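Paired with chain B in one complex and with chain C in the other, chain A is shared by the two complexes that follow.
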Partner chain A sequence: MFHWLEKNPFLFAVGVFIVIAFAGLIEILPSFTNAARPIKGLKPYTVLQLAGKEVYKKDNCIACHSQLIRPFKSETDRYGKYSLSGEYAYDRPFLWGSKRTGPDLHRVGNYRTPDWHANHMWNPKSVVPASIMPAYKHQFKNIADLETAYAEAVTVKKVFHTPYGNDIQPSKAAFEKYYKTTALPEALKIAKAMKNKDVLAMVQQGKIPEIVALIAYLERLK
Partner chain B sequence: MQSNAALEYDYSVAKLYMWTTVIFGIVGMTIGVLIASQLAFPELNYLFGEYGTFSRLRPMHTNVVIYGFTVSGIMVSFYYSAQRVLKVSLAELPLINLLAKIGFFAYLIAATFMVISLAMGITASKEYAQMEWPLDIAIVIYWVIWGVVMFGLIGARREKSLYISLWYYIACFLGVAMLYLFNNMEVPTYFLSGGLGAWYHSVSMYAGTNDALVQWWWGHNAVAFVFTVPIIAIIYYFLPKESGQAVYSYKLSLLSFWGLMFVYLWAGGHHLLWSTVPDWMQTMGSVFSVVLILPSWGSAINMLLTMKGEWNQLTENPLIKFMVLASTFYMLSTLEGPIQAVKSVNAIAHFTDWIPGHVHDGVLGWVAFMIFAAVMHASTRVFKREIYSKSLLEAQFWIQTTGVVLYFTSMWIAGITQGMMWRAVDEYGNLMYSFIDTVSVLHPYYTIRAIGGLLYLIGMLMFAYNFFMTATAGRKLEQEPQFRSPMA
Partner chain C sequence: MNSFIVKGLALAGVLVIGTLVVIKQMHIDLSDPINMITFLGAIAIAALTFGVGAKYMAQMKSDTASGELAEENWDGIGEYKNELPAGWAYSFLGTMIWAVWYFFWGYPLNAYSEIGEYNQEVKNYNKKFEAIHKNASPEVLKEMGESIFLVQCAPCHGETGDGLSGKAQDFSKRFTKEQVLAVIKNGQHKLNFPLGAMPAGMAQGKDAQAVAKYVANGLKGTAPTAWTTCAGCHGTDGKGNGGTAPSLAGYNLPLVKHVLANGKTGIIGHMPAFPGRFTPVQEKALAAYLGTLKQ
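Let's turn to the complex of A and B:
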């Protein structure tokens, strides 16, 4: 009954394509614009936070940690209010994760301090004795890539009209100015709260290690 | 051209992919065993400094086994069987043949850079789509080359009717192309910011919930169009060929093919149950996942019934063992998936180890078993040699089967235990366990899983040795075997 189709590869391929593309059109398109709307009062990530998000991606925290609190009492008791679509409006990419080898982090900024994070990343067992998470000591040495994060802010401002201010401009000079006047003070605040002398000294010399950016990002998760 | 002269098929590209199947198989599975062991014994995280943590290695494992081992295996079977079912040799089409070879080297280069970039932590962070835009472009080029080769061969075919396997290859090509393109829509930041920062960095076109939807539309259907569709193509060719039996039912293959094509794409939403994706999409994902049992079992049953009246082959021929168990694991996996996609079950299963457990009964029991069988069957024809050792193949089968069973049973228990502990409350309604309690309890299961994985890796090494010896030292065959692959 379908033999004619199997002798006509072109029509066959077209047929397959229509059949598989169908679901995407119907499922994905209808609420696309709706789902992209931010909740009221949501601010875009600062450049330091974006750089922290890059550390989060680079060391692939997403392999073990989710950022999605499901609407169950057992989850809201443990992690806080369930997640809303509009909270993710500036998340490119989304970082929900698919596995909780460790706990959810969507509101970790509410119940952990920079000091706690610093100890945890240096040696997880120092704060959670039974932890199976590896230490991420290299984050205390590696310098965070703020220039790329800044480039990302410029890009999303331009392409997706993410509401950044006039201090985000596509030029090296604008970046350097932003780094000195905005990013460094923000980093200094985190570094002070971390109670780690070496890190503080680095930031005071104008260098921002990955751990500071990462903590800035984690603190933002609320 | 004389129509009755036997065609001399050109297997040079199939051979190349055979080697990469073996190499990527060993590399990918070794990393797999390492990261499985890291969960049981965290000290193993510090073997390679910042490059050796579980988190950094995990995408390396998934990408190497998917894009290395599995895609290579699929290409072996394509470059071996497509010529045969179309009755056209690559040697007759020099340009297409050249393209196929260029494709292979493009693949090799892209795969190498993929490994390097993942080791450095350069990632777009979307699962199974971690590669940054320069590699995405390389992959698109590679895929287009494969499409040109496929349709070039089809255009020059002598056999007018497309065999079932080809339906699935065409679907694999189109499905992956569509999904990959849409999911990897990224804006490179370097060019829009006036040359600031890393040149390879990009930002996703979609944000938040939309990004999740597109990602799991892809993520789920990477499973469909890489782990299912082309593997069905493999079994539809190699099981009848090895057993000498005709496919049981044409109508059943028709029903399962078009059914699978239509239903699979809807099911992606089951990765996002209880998330911020609109509820109706979640329900659609759930419902279509259950419907998906029909076409999946259709193919599997069609394959099992192909063995009707010939079940004695199961005891005599290890390749038949691999393929029959593969169809059985396919049935198990495609029943398990829909169960996990039921919303109430998903509330427990999601985020737990039951999910990797499910993935692995599919990929270890179904995908890899089919690839082993196909490569072995093809190698007797490609190298014109007998399989080096039947007993090694038998031993591999049993060791790996034990490995898979240990893997998925331990992960079932681990997943359900953890899912139940996360929600357990005492008589006053307070949570009973802190998170770390639910981690510590998993240690024995993580250990069993690592042992299961290790057994599977041992089987992989046995396969590699057997393949290498077949290719270089197996007894020469004077005539191509018609059905059953000869083995010593």
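Let's turn to the complex of A and C:
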């Protein structure tokens, strides 16, 4: 019956490969898709948080900080519960990092405050005397790029069906409306908690400095 | 006796003697059980290798084919009917039984998991930790509290617990006057003590000022008349009525527990909650350490 197959060794080899690869796929893929699903209650990043994530990437926080708590007692004692893959479902890309010159930041939103971050980014030694982290004072002046972050939200909503609401639409007018009604109040809340008068004044004038976006992002890491 | 066996055993003997020479040369102590086992193993390997090898070599030389031929015949090549070796057959049956066990119980339902190992590790560690430090001495608690403080609390409260010039609570005292006035004015309802929320405006004007001065001063001197209102819940000594209300006199265990569980929001700012981060012994240690910070 399969005599013709035995006479074609190349075809046979291809057939064997397909059979084995198929077995591998049905064993491996379901667990991958399961693990990649967002965990219950996970919300996509707000536009302000996305802008903060860009600041995080731009200023290369990933070079010294990881965002992945491994299930070892020594790590969970210091940083909190170990990370689950579903927690990164809306991270495009995820920022796990591979180097810990500074501490892990995956749950930093649980145990720091906007006020602390503001002091720390302005001068790390003012709160942690032994810190070797440089100061990031430019973040208090530079304006965060909310427009690009908004475009990112529009894109992932369209391409990956990230569950954003109807306020994320591909038009300039929609962005301006979102900026006024959603992003600015969110930024104002953070600026108020930061206790920095200059930053608060800037946000009240309708400008969002990078530090506010970054803190919004760090506060989201829980 | 076959000459092959003799030669094989002779070679084995030479190897054993060689081993003995090495033992003698290197001063290896054979009273050590590990060395002795290794030595016996070397002898066994030498004897088996050459003994068994020689036996089959001899057999190949002298043996002739015999036995009953099977019916199959391939172009004149026949096959004897050989019994399945017993050891081989039993091993085969064994693997079949093992496979059933492995498929139904061993692998899919009882698989190794990293999280499972982690849970087990934490469970065992905490059990051991709680057992060792069940009746920890004050010195041990203080030391433990200090190391926890330096990792978890110092980033906000400072390495000496001074609150980094007003950025967080200053542990060298329980209250400043402004803090007491703010609590009297706004009340406090987030710490979830058994006696419940403290309503806003429990004292007014001069009374509030007098109480604030008295509390900020560490409850020293004579208590103002308005203190009776506070003492109703916080106790006459201000120590919190045995854990039913926050202590105003210092940082005791109930206060540390409630702040860690609920966080704290006051005029300085907001402290996040740390629920489930510390074991009961660690909370005790933190309270003990904060107690030593008080001036």
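Following the convention adopted for this analysis, the second predicted complex is superposed on the first by the 189 of 222 C-alpha atoms of A that agree within 3 Å, B and C clash if a C-alpha of one lies under 4 Å from a C-alpha of the other, contacts with A are read in each partner's own complex, and residues count from 1 in each chain.
FYI, a contact is a pair of C-beta atoms (placed from the backbone, for glycine too) under 8 Å apart; a residue touches a chain by one contact, two chains touch by 3 or more.
Computed from a predicted structure; not experimentally measured.
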Query raised in the report: Touch check for A:127: first (chain B), second (chain C), both, or neither?
Result: second
Query raised in the report: In the superposed arrangement, which partner chain does A:78 touch: chain B (first), chain C (second), both, or neither?
Result: both
Query raised in the report: Once the shared chain is lined up, is A:111 touching chain B (first), chain C (second), both, or neither of them?
Result: second
Query raised in the report: So, does A:119 touch the first partner chain B, the second partner chain C, both, or neither?
Result: second
Query raised in the report: Which partner, chain B or chain C, touches the larger number of chain A residues?
Result: B
Report task. State whether A:198 touches chain B only (first), chain C only (second), both chains, or neither. Result -> neither
Query raised in the report: After superposition on the shared chain, which partner residues are touched by A:68: those of chain B (first), chain C (second), both, or neither?
Result: first
Query raised in the report: Following superposition on chain A, which residues of chain A contact chain B and also contact chain C?
Result: 71-72, 78, 128
Query raised in the report: Contact residues on chain B for chain A in the complex?
Result: 38-39, 42, 45-46, 49-50, 53-56, 58-59, 121-127, 151, 154-155, 160-162, 167, 170-171, 174-175, 178, 182, 187, 189-190, 192-198, 201, 203-215, 217, 254, 258, 261-262, 264-266, 268-269, 271, 274-278, 281, 284, 288, 347, 350-353, 355-356, 422-425, 430-431, 435-436, 439-440
Report task. Give every residue of chain A touching chain B within the complex, in rising order. Result -> 1-3, 6-7, 9, 12-13, 16-17, 19-24, 27-28, 31-32, 35-36, 57-64, 66, 68, 70-72, 74-75, 77-78, 83-85, 87-103, 128, 130-136, 138, 142, 145, 147-152, 154-156, 158-160, 170-172, 175
Requested in this report: Under the touch definition given earlier, write down the residues of chain A that touch chain C in their complex.
Outcome: 71-73, 76, 78, 80, 82, 110-113, 115-116, 119, 126-129, 193, 195
**Report entry** List of chain C residues in touch with chain A within their complex
**Finding:** 114-115, 117-118, 121-122, 125, 151-152, 154-156, 158-159, 164, 167, 269-272, 274, 277
